[in-house]
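Each of the next two complexes has chain A plus one other chain: chain B in the first, chain C in the second.
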Partner chain A sequence: MVWAIIAVGIISNINLMLLAKWFASPYSGKGYAGFVELFGERKVRLFSFIGMLFIFVKITVITLGYTEIIHQFVLPSIQREWLLAFLFAVGCYLAVKGMEKTIRFIFIAYLCSFWLILLYIPFFLPPIASIHDLYPIISMERDDGIWQGMLLIWASLSGPEYLICIGAWFSPRDKLLRPMAIGNALTIVEYLALFIASTLYFGPEYLRKSSYPVINMVRYLQSPIFERLDIMMICIHIFHYVFAIALLILLFYGSLRIIAGKAMKPASRSGFIASFMVLFLCMLIVYHWFWKSGTQGHFWPVLQVCFAAVSFLAVPAFMIAAVRIKGRA
Partner chain B sequence: MSWRTKAALWAMAGILFVTPGCSSRDYNIIEEIAPIILWTIDQGQDGMLEISLLVPPLGREEKKMITLHTDLLKEGKKEFNRSYHRELKTGQKRVLFISEEFARQGMRPIIDTILADPKLSLRLYLAVYRGDLQGYLQKQIKKDPLIDYYIYRKFKHYESRSPGEMTVVNLHQYIKNLYSPLADPVLPVFQADQNDLTYEGTGLFRKDKLVSVLSRTEEQMFQLQYKNHRLQDLSLPELSVNVSDVHVKPDWKVDRRQARVTINMEIRCRIEEYHGNKDLLDPAQLDELNRNIGAYMDKQTVSLFKKMQELKVDPLNMGSYASGAFQSRIERKDWQKEWPQMKVAVHYKTFMEPLTNSLSGSR
Partner chain C sequence: MVWNKVTNVLDRGNEDSPEKDEIPLTMDALRQILVNMSDAEVIERTALDERTITLLYIKTLIDLERLNESVIGPLSVLSDNTVCECITASSISEVTGQQKAKLLLMQGSVLVHDDRIDRWWAVSLPSSLGRSIESSDTETIILGPKDSFSEKIDENITLIRRRLPTPDLKTEQFSVGSLSKTTIVIMYMEGITNPKHVAIAREKIEAIDYDMILEASHLGFFMEDHVHSVFPQFMQTDRPDASAYYLGTGKLVIMVGGTPFVLIAPMTFFHLFHSPEDYINRWLVASFLRLVRYLSFMLSITLIPLYVALTTHHYQMVPLQILFVLLDSRSKLPFTPFWEACCMLITLEIMKEASLRMPAKSGQTLGVIGGIVIGQAAVEAGFASKVLIVLVGISAIASFLVPNYMITKANTMVQFALLILASYLGLLGVVLGIILLLIHLNGLSSLKQPYFAPVAPFFWRDWKDLFIRAPLPSLRSRPLFLNPLKKWICAAYAPVSGSSQYGLGHHRRWHYIQH
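Here is the complex of A and B:
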């Protein structure tokens, strides 16, 4: 599985090179006007509609997944719907500040959560670790789980394709390939570290049976100051999730405006509040009646994995193809 | 934002901070709960379980031991809550003793129950006991009410600070070996009678059933092979010598094609006590003693491995050495067939630290 993660990382780097080519083209900096120039208004509305579906699935699964984790590990006695409401409210507070402030929030989200990987250092040292648990490093036999694992990693690496929606906020001189490649490499290193740490801790057989292995590992660590390090870790991740929710809310609102044909007019606060009320109601409905957690099945996470994988694969290639066709015509 | 909006937002935030304390599900007032540290499980009559708990005192109460007879483990909690005036809280459980009869029958139902409890920490220490642990605890709590806490501290001490004295296994290590296809778990075994609780040896398990307890010499050899490869004191009464501070560098090679296991151990230690006839200031006799120690340990280790092969257990996880980095893992059924047939060759190289206050060094 180790080589599988590295292989997926290399492929996604190639994908990011395609995406960087899009940002080098003149259409990317113009925002909505650039898309209209490229495709024509009706097609942009159609893509917006499809994109809205993708965004809705993504934001639903991200928020509800995190709410489940909070409900299971941190605050089991508060009703789950209230947790969802609080989390969504914080996301909305950030989104109301506007797209620029939301984009800048990524600094805080990154600084607060990137060092959590250092918590996993004790799992690489003996006596917990023994190198023989990692064998075989390159497995010669066919293993169906490998393909599902690779799909999962590919979907987890997805996300940069949403950058095309906020291309208008980047300055035209920015060359995006190097930062994206560095980000990709860091993400792959983090996934590798987490995978190796959890294999060393659980052993490969037991790992398949454990739910939330990454959080349960942190419960094993002892420190003289805190008894429950995993609660701290889950709570620090809220910055990361709030950023994702806020960005997706803004993109959802933008796509609603495009579909309604009001893209050229300035954004109104009441319209914005209406859009996230709608989004919240939809999520609440999904949570109450359609969400299955734990042993009941993994329908929504699997759906999100498929959507994210498709969007990460299709979007950069599609954009580059459109620019080429337009250039030729 | 006007000051009114700000004030309203701050008031809402304040209320938000206060509400978690009003939760009605986890209500922990210290006078009304009984967090227990140590509990024991035994086989009672008619297939019922006998669970004994040491209930912590509050104020002027005496510490008590409560024994419950139940069918299922979690029923014990219900029984306890019905009969005692405080609610049982499981989050502080630190030590679990399991009787030998129960361990020989298979511990899987207990382990599955324990795993399913989200409040139990994975650092719960497990141990097997033989004898009358309940009688021992009943007697001790009169003399020393903190006995359960001291037992927990003993386990904690031998886990981290003083390697090689006794095996200390916590729940996570036990379960990891239980679920790994090639290795088998081990647990420490204690002998309890009216006045003492002594460490007997390491209990070898075949998956979740206890099969054997090691004797003294076997135990010492096992400590050298297991985990930290250190032993504080190695007594060899047949050679009338006691060496201390033993460090071992192991080198295990498993050759499947020739069905052979080769173990080369390099030992560094120091002679502490010698009651024999040799004159230790004479380098030739010291060498002879070194070689005798090496040969004796060779023989004992080979017999330990033979015992493990006969019982068909693999507590040292030799199976993972059977395949290299780029080969596929050996299957459990293959390893179970091959392990008992392997020839084990052990070779010790002993390096003695120089004796203090003597002119002759040692090689």
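Here is the complex of A and C:
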């Protein structure tokens, strides 16, 4: 699995190179006008509609999943709907500040949470740890689990494809490949570290039986001042959640405006609040009808993984192909 | 010999400009203005050549000794020459309009009228009443210069000019407030400060439409980009050394007449944690102290909310030995942790306010009441736990470590907000509150410049003087978030002629190496 993570990471980096080529094209910096120039207004509306569905599924699964984790591990006494409302409201507060300030917030989110990875160091050194637990490094056996795992990692590395929607906020001089590649590499290192730590800590056999292995692992962390550091760690992950949700909410609002044919008009606060309310209501509906009962199993998370994997695979290549075709024409 | 005054100080925002001042100045009109003013005096003298010279002034606003020396004395021997030639005061100008005359009269000028030629002159003789230069009470430092600004704006400009003796230090003067006629002076370094900042400040001052601006804070309220924030968007200081330093880095200093505090902008949130002493101490010591200040700010806003979150929602996070102490301490309390903390914090705020308003001699009484009655007695009466008293004490002391007084008030507001969130959502509430705070700070700006720079937006070069203070020789560039016209502090780093100031890469480095 170690090499699987690295292999997926390398392939994702190739995808990022395609994405960087798109950003180097003259269309990316023009924003909506660039897309219209490339595809025509009708097609852009169609793509916006498809993108909006992808974004909605992503927002819903991230929010409901994170709410579930918080409810289970941090605050079991509070109603989930309230948790959902609080978390979503904070994301909206950031989004309402606008795209520029939302993009800036990533530095704050990173600074406030990068050190969490250091807390995993003790898991690399448990007394029962054995290097053999990591074997086989390259599995020769036919194992469906590994393909599912690779799909999951691929989907986890997705997200940069949404940057095409905010190309107008980047300067044409910005060389985005380097920061994107560094970010991707850091993510791969983090996944590797988490995978190795949880394998060494639980052993490969027990690891298969755990539904939230990383969270269950950090439940054993303690310090002289605080026990149960997992509660703190789960809470601090909200920084990433808030950033991601704010960005996605803005993209959702943007796609709604394109579908409604108001992309060239200035954004309005009332329009934004309306789209936020629609999004929140839809999420509540999904929660009450499809998520809460648990009868749907992992339908929504699996749907989100598939959507993320497809979008990350298809969008960069599609955009480059569109630029090439337009260039020939 | 007549000295004609040539001024490079721009008179802006003055409603009494000559264009508007079209009402001619007459003796009757002036006498009418001075009716019911017991400190106004009108003196008429007949000169040797039989002409009548009239002096009008407000005796409480002028320097009477200088009036005798430079106006009355010379005028008593006036013969054929004009009044203007005779008066020995350095600042004399002719007045034609009534509005201008009124303004000058109220600013400490003596109006002189010559009936033969029917002309008016204003001789500026303002009283030098005011305190002398003293050391700062609000920003005390152990080492370093001890002088501080006073209420006299000219003296304050002198204190800065002595530190930056360069003609690039520019001053622009404004008059604001239809009643107070407050003098406002913008200071900046030409060739360093980005002209956009100056233009924004100028625009904001000119847009002020208010009767009275009596304080630097008043001016700040009108110039701030975000009025509803609890965080100050202008730094206030009464230290000339700090002002000179910030001018040198490309910021603006805005002086307000009648107050010893100046406004400094554009500023960032992180400037609130910087002290002039940071640049006096050894860099390691200064860096450590700066980190302690950041830590103490975090402690002051989160310590009590964390206590409430842990004792209300997350008992399992407290180690067993500490849990025994907590349980023992809280077992007989009638209040929930939230109300217990609320009561103690409100009591603390009352004591803080009382200590500011009480006479100095009563301070000891307050200490006794605060320390013994409210601390010990509250525990013995069963209103508060011992642990909370300790935490409140630490939190209160930590809040005073921040050098800027304005932020200690913001601390309290943030602390109460976090307390409410902690009581409902536990640790999640504290983290959500901090995120909301950071989003708010990220959204603020000072003179349209990002308030949370150089973290967001990210300027890594500026990090040398952010959480730590790197050795001064390595602080070679001015803050990049200010977009200064001259980026480099060291002359050796200045770009070679013809190359761009902002050009990155090898040329600058090579130029430096060659030097």
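Keep in mind that, in the parts below, the second predicted complex is superposed on the first by the 322 of 329 C-alpha atoms of A that agree within 3 Å, B and C clash if a C-alpha of one lies under 4 Å from a C-alpha of the other, contacts with A are read in each partner's own complex, and residues count from 1 in each chain.
Following the convention adopted for this analysis, a contact is a pair of C-beta atoms (placed from the backbone, for glycine too) under 8 Å apart; a residue touches a chain by one contact, two chains touch by 3 or more.
This structure is a prediction, so every number in the text was calculated from the model and none was measured.
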{"item": "Touching partner for A:R219 - first (chain B), second (chain C), both, neither", "value": "first"}
{"item": "Chain B versus chain C as contact partner of A:I236, first or second or both or neither", "value": "second"}
{"item": "First, second, both or neither for A:F299, with chain B first and chain C second", "value": "neither"}
{"item": "Touched partner set for A:F107, first chain B, second chain C, both or neither", "value": "second"}
{"item": "First, second, both or neither for A:F202, with chain B first and chain C second", "value": "first"}
{"item": "Which of chain B and chain C A:I78 touches, first, second, both or neither", "value": "both"}
{"item": "Chain C-contacting residues of chain A that also contact chain B", "value": "75, 77-78, 86, 222"}
{"item": "Residue numbers on chain A that touch chain C, as the complex places them", "value": "70, 74-75, 77-78, 83, 86-87, 90, 93-94, 97, 101, 104-108, 111-112, 222, 224-228, 231-232, 235-236, 238-239, 242"}
{"item": "Residue ranges of chain C touching chain A (in the complex, touch as defined)", "value": "313-314, 316-319, 424-428, 430-432, 435-436, 438-439, 442-443, 450, 452, 455-458"}
{"item": "Chain A residues within the chain B interface of the complex", "value": "72, 75-78, 86, 127, 130, 132-133, 135-141, 201-206, 209, 216, 219-220, 222"}
{"item": "Contact footprint of chain A on chain B as seen in their complex", "value": "16, 20, 23-26, 118, 121-123, 172, 175-176, 179-181, 227-228, 317, 320-321, 323-329"}
